[in-house]
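Below, each structure is written out as structure tokens.
Two complexes come next, and they have one chain in common, subunit A, joined by subunit B in the first and subunit C in the second.
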Partner chain A sequence: MRHAQPRIRAAFSLAVTSLLVISLITSQWWLGDSPQQMQFDTRLAPPSVHHWFGTDALGRELWARTLAGLALSFWVGCLAALLSTLIALSLAALATLSRRLDALVSLLIDTLLSVPHLILLMLIAFALGGGTQAVIIAVAVTHWPSLARVLRAELLQLRQAPYVRISRALGKSRWFVLYRHLLPHLLPHCLVGGLLLFPHAILHEAALTFLGFGLSPSQPAIGVLLADAMRYLSGGYWWLGVFPGLGLLLMVLSFDRLSSHLRRAL
Partner chain B sequence: MLCVALVSFGLMMASPIDPIDAYLGPQMAQISPEQRELITQRWGFDAPPAVQFGHWLRQLVSGDLGWSHIYNQPVSEVIGQRFQRSIALLSGAWLLSALLGFGLGVVAGAKEGSALDKVISTYAYITASTPAFWLAILAVLLFSVTLGWTPTCCAGPTGTLSQDVSVATRLHHLVLPITTLALLGIANITLHTRTRMLELMRSEVATHAFAQGASRMDVAWRHGLRHASLPAVTLAFASLGELFGGSILIEQVFAYPGLGQATVAAGLRSDIPLLLGIALFTALFVSVGNMIADTLYSVIDPRINVSGT
Partner chain C sequence: MLEARQLSFQFSTKVPLIQTVSLSLNAGEWVGLSGDSGAGKSTLGKLLAGYLTPQAGDVTLDGEALPAKGLQPVQWLPQSPELAVNPRWRVGKILREAWTPSEAQCEAFGVQAKWLSRFPQSLSGGELQRVCVLRALAPGVRFLVADEISTMLDPITQVELWQALKQEAEQRKLGVLVISHDSALLARLCTQHYHLRSGKLNQEPSPTFTKVS
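And now, the complex of A and B:
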């Protein structure tokens, strides 16, 4: 029983996360255009049976907007995490090819880590002129160092493994070894690493958007919703601030739990 | 540092936002192409990027960070003033989160599996995934709007000069931002310290101590503190960057006129010299933090010789 419990928990968190993901992916079909639909007779309505999360200053349904925002965050997070993993993998692979490249990659990692994440994100998003693409790139470019370090260490260790040395001794090229022997070994690490990046990516996307550097204010992103809520804070319209953030928290938490379960299983 | 300078300068060069447009603002339409040309020459924008970078770097070394057009002050002055206000927020939150985080971690680790441990761990996991600005919004909603305990914004009452604000009022305005910022920083240190304590409790040192009749709290106090303090100190200094990032968001929510707010303003209104200055400054800040952590290493644990490695 003591061994079964973590498994049950892992399965539970997998179930919750997949349910969330499925509902988010399909949300754009069953939500339709309700996140953008304005109804001026029900402006700033508090949560009730008709308006689950209440409505905003333009009479738009907050629960539809929250869900749409989460879906948006999900896609941005997915792309950013994927891109970031790719960067980490390719740089880690490059670093193991030669000593000089290794020093270069280390220098790059140190440079990136010495500027606070958020400042760097703002700089990059600013340089790219904002928008969805800029956010994805900014998040991807800033989140790879930790994963790259793990992968590099793993690669260095793997390189000493007998089958790799035999393969090298048989005259296979570096690229062949990398491709056939090392990459398959690294894929699980990449998967878990990417999944671990995902919550961070979402949080940073929301923060960036909240500050006004990210997605455009016309999109129903969580950061936009919360920035809107800021303006109505002193009027006591609590639902505007509470629900979008709560949604984001639940999404991040579910992915965080899932990825840490997976990491333990690895 | 040089790398940071190079990277951030490169990013600014790549920016599609024309610095002259940003500088002129609404007057943009009133200016003739000839005048524009003149400004470009005067500011040296017609030189190739490498020359511009060299020029900027030379100024940097002589201590001139440039002129901030949104505050109409030299960048170094803006940063100095803003940082003075931010440092109260940052240091308060930092101390609070380090001490509280460490304490909670030790307690949770010492009593593994107890109800207290579960509460602390759950709390740490949840705050680790909470968006900083959302927590700040909730705090404003609850304590400022609903309960009315603390002011909703700024570093002092609106309409008064900063010299006239008393220390007590200042603190009153700082309480909520500091607490919010600290609450978020705690999680990391707590989880890390807890892991370290678990390690210790399973080690032979602990078994020996238990055999001699020591209680769990005794062991935690005598051995655990030393065992776990080293990584906690490192983490506390290493998290300075994250703390600063958090302060940007918190300052934005509380409208606290610190460095974080200046960063956002600089970015949104294309004040490139200021943005560059802040990026460099925070990089320096973080590097100093890491350096202190390294030095403290050898003070806490004399076995580690930093200079030798």
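And now, the complex of A and C:
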């Protein structure tokens, strides 16, 4: 019975995240063009039965824009976390090949970790000219070091494991050992690491977009919605900031909880 | 012939573990190595198998250095078989990593067919050790370093394992370095017996060779 509660919480977390992911993935089909549809006679309408989350300054439905923004953030977060995990895994694998490469990878990790994330993010996104691609690359390039450090340590420890040494003595190549012995062992770490990166990636995408270095203002991204809301908050139009913010919080929290449960399980 | 000449080795502690040790092992010969815990027996075994590189001296096989790549003609068998196998692989895959033994060879080493589909965690230490010994006997292997491989086994399993290995070694003219604390075992198995004390070898009086009963 003592073990039942964490399992229930993990199952609940999985159910909420799955529901969220399914609704985000399918949203583009059932939302249609409603996030962009303007109705000037219902500008800045507060939340009601007809307008669940209220409307913005151009009369667009905020619930549709929030959902579309979350879907966009989800894809950006997915791709950035995937790319970041791949970079981390490749560099960790590279570090195991020789001492010089290990020193180089370690130096790269320490250098990147010593620079504040957001500054580097803004610089990279600005240098790449903004937009979805730039945000994905910027987030991916800045988020791999902590995972790479974990994977590198794990690989270096595994490399000394007797069964790995024996495999080499049995005539297996370095690549065989890497693909068959080492990488399968790292997959759970990559899965959890990637999932933990995901909420970070989403938050940083929103932050970048909010600061004007990320996605285009014409896209219904959460960062764009929050930046727009700033102009109207003093006027009492609270729903413009609260609902997109809550949506972002829900998505980040659900993924964070799920990855925490997964980390404990693996 | 596997030959170690003037081997010296130390870990980063700067305390010499192996000091100018020389040892030779002929094809088909069984040599015993004993010594106190921490005397450097396993380290010497790993040096002979090429797992460690000596700071001085060299290990040669028929006058040439051990190959850097490919199947090593000198195989090391560790004391703990649990650490010698990938815990995510099934026993069949572990066994076939280097070669595919015949049914008769599996039978000789007591490796049962039903084990092959299991994961190593479900096998006992003794069962897993037999799998590891059989795996190390790939064609092309000429010498074995058996590092206390029977320490954790019950007496009956020990006898069965050594009998099977003895038979295989005789057929293939395998040279075996047996590392053990058990002087009686070394006396039964080996033609020569070395004792490692403070990193130096002292040759024990050579016992007469007797077959494992």
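Keep this in mind: the second predicted complex is superposed on the first by the 266 of 266 C-alpha atoms of A that agree within 3 Å, B and C clash if a C-alpha of one lies under 4 Å from a C-alpha of the other, contacts with A are read in each partner's own complex, and residues count from 1 in each chain.
The rule we apply is simple: contacts are C-beta pairs under 8 Å (C-beta built on N, C-alpha and C of every residue); 3 or more make two chains touch, one makes a residue touch a chain.
Since the structure is predicted, the reported quantities are computational estimates derived from the model, not experimental observations.
Undergrad: In the superposed model built on subunit A, check whether subunit B and subunit C fit or clash.
TA: Verdict on subunit A: subunit B and subunit C fit.
Undergrad: Quick one: is A:A161 in contact with subunit B, with subunit C, with both, or with neither? Answer first, second, both or neither.
TA: A:A161 contacts subunit C only, not subunit B.
Undergrad: With the C-alpha centre of subunit A at the apex, what angle separates the C-alpha centres of subunit B and subunit C, reported to the nearest 10°?
TA: Result: 100 degrees at the vertex subunit A.
Undergrad: So, does A:H185 touch the first partner subunit B, the second partner subunit C, both, or neither?
TA: second
Undergrad: Does subunit B (first) or subunit C (second) touch A:H117, or do both, or does neither?
TA: A:H117 contacts subunit B only, not subunit C.
Undergrad: For A:L203, select first, second, both or neither according to whether it touches subunit B, subunit C, the two together, or no partner.
TA: first
Undergrad: With the two structures laid over each other on chain A, which partner does A:A134 touch: subunit B (first), subunit C (second), both, or neither?
TA: neither
Undergrad: Looking at the overlay, what does A:A229 touch: subunit B (first), subunit C (second), both, or neither?
TA: A:A229 contacts subunit B only, not subunit C.
Undergrad: Should A:L79 be classified as contacting the first partner (subunit B), the second (subunit C), both, or neither?
TA: A:L79: touches no partner chain.
Undergrad: Thinking of the overlay built on chain A, is A:A93 touched by subunit B (first), by subunit C (second), by both, or by neither?
TA: A:A93 sits against neither subunit B nor subunit C.
Undergrad: More subunit A residues touched by subunit B or by subunit C?
TA: For subunit A, the partner with the higher number of touched residues is B.
Undergrad: According to the stated criteria, A:L67 is in contact with first (subunit B), second (subunit C), both, or neither; which is it?
TA: Touch partners of A:L67: none, neither subunit B nor subunit C.
Undergrad: Could you state the shortest Cα distance, in Å, between subunit B and subunit C after the structures are superposed?
TA: Shortest inter-chain C-alpha distance (subunit B to subunit C): 15 Å.
Undergrad: Residue overlap on subunit A between the subunit B contact set and the subunit C contact set?
TA: After superposing on chain A, no subunit A residue contacts both subunit B and subunit C.
Undergrad: Of all residues in subunit A, which touch subunit B in the complex?
TA: 107-108, 110-111, 113-120, 122-124, 126-129, 199, 203, 206-207, 210-213, 226, 229-230, 233-234, 236, 238, 241-242, 244-245, 248-249, 252-253, 256-257
Undergrad: Residues of subunit C touching subunit A in their complex?
TA: 49-51, 69-72, 75-76, 78, 80, 83-86, 88, 97-98, 135-136, 138
Undergrad: What residues of subunit A sit close enough to touch subunit C in their complex?
TA: 161-163, 165-167, 169-173, 181, 184-185
Undergrad: So in the complex, which bits of subunit B are touching subunit A?
TA: That would be residues 1, 3-4, 7-8, 11-12, 14-17, 125-126, 128-134, 137-138, 140-141, 145-146, 152, 241-242, 244-246, 248-249, 252-253, 263-264, 267-268, 270, 275, 278-279, 282-283, 286-287, 290 of subunit B.
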